[in-house]
Amino acid sequence: VPSALSFEDRFEIHELLHLYGHLVDSQRWEDLGLVFTPDATYDALDFDLPLTHSVAELAELWAGPQARHPLAHHATNIVVTPDDDGSVRVVSKGIGVGDGGRVGSCLYEDVAVRTDDGWRLSYRKVTLRRR
Amino acid sequence: VPSALSFEDRFEIHELLHLYGHLVDSQRWEDLGLVFTPDATYDALDFDLPLTHSVAELAELWAGPQARHPLAHHATNIVVTPDDDGSVRVVSKGIGVGDGGRVGSCLYEDVAVRTDDGWRLSYRKVTLRRR
Amino acid sequence: VPSALSFEDRFEIHELLHLYGHLVDSQRWEDLGLVFTPDATYDALDFDLPLTHSVAELAELWAGPQARHPLAHHATNIVVTPDDDGSVRVVSKGIGVGDGGRVGSCLYEDVAVRTDDGWRLSYRKVTLRRR
């Protein structure tokens, strides 16, 4: 139920999304399990990347030539919403800083789950903002 | 008094400002009441827009041709300060992402009030950063 | 010990880093003591600035011609981590908005300490993200 989500939980989820940018920008692929569940789905289809269904798949994809990472990932506008079924949806916005100081804006739609090691994302979908 | 403002309150106000960007960027004008009080004043005079004094006026203005919205609104640097008179001032910074990946930076100066439905903004003023 | 750091502490540290951008962008050099301890070290060597070892030195440096401030400082991706020795490390990312709407992305590595006046930074190091 929604009341089961404390402010401490919500704060932890905020920092989880904050941590994501540090891991990606430092290419700490071996640490992605600090943010995602082992079987997390990542949907970056909007960036012409294949769906991945585990942290291992994601790490392999992102370490490879198919992934073109911006210079930096900045997380903003995090809103945590518990659903009636006990799951937790999170929306946020990202700024990707590219070469030449131009940026892209994207929307993240996540599902967060409580694990024995703390909050993790079991699902993340990213889409680029366009006119 | 300042002590009446809990961390839960401050956290809620942070997420209120985060939500704002999602509503505006999705043009959810009918949902602006999730962020503003019915009689909220919005001061975007610095962007050559008229003062509005209600959510209905704001929604009408923003849905119309006079408003030129950037591609995305990102909220950062939120600081919540209770005043001695019981009102709550909030300052924050916004990044507006424009076409071509260039951005503008603005300052938001808000007043937040507690309502039966949660925290809402009764006043917002936005100014563009310039040299 | 890590357990000594409450969520209220972590939230306060988030707002401390948020406040920083407001002070710098408003050139409130006389208020830097709201963010830093009197003897704070600031390392912006990566920006070709000399190390400073007090708020007074920092204020003098930043008010002078050697410092070239961007138009705006936006703080994101704050993660607070208590160390085993009781100190508190904070990492975050900053977006500096420059003239022409182009941005730079930087990494902040801080040490926060609890004082009688609240949390302050005793150490800050900033580095620019580059390819």
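Each chain carries a letter (A, B and C) given by its place in the written order, and its residues are counted from 1.
Just so we're on the same page, a contact is a pair of C-beta atoms (placed from the backbone, for glycine too) under 8 Å apart; a residue touches a chain by one contact, two chains touch by 3 or more.
Please read these numbers as outputs of a predicted model, since none were measured by experiment.
Residues touching across the subunit A-subunit C interface largely differ between the two copies, under half of the numbers being common to both.
It takes 120 degrees of rotation, in steps of 5, to superpose the Cα atoms of subunit A onto those of subunit B. Distance between subunit A and subunit C, defined via averaged C-alpha coordinates, is recorded as 25 Å. For subunit A, the set of residues that touch two or more other chains comprises 7, 11, 74, 76, 95, 102-103.
Remark: subunit A residues 7, 10-11, 74, 76-80, 91-93, 95, 98, 102-105, 107, 129-131 touch subunit B in the complex.
Across the interface of their complex, subunit A is touched by residues 7-8, 11, 15, 18-19, 21-22, 25, 71-76, 95, 97, 99-103 of subunit B.
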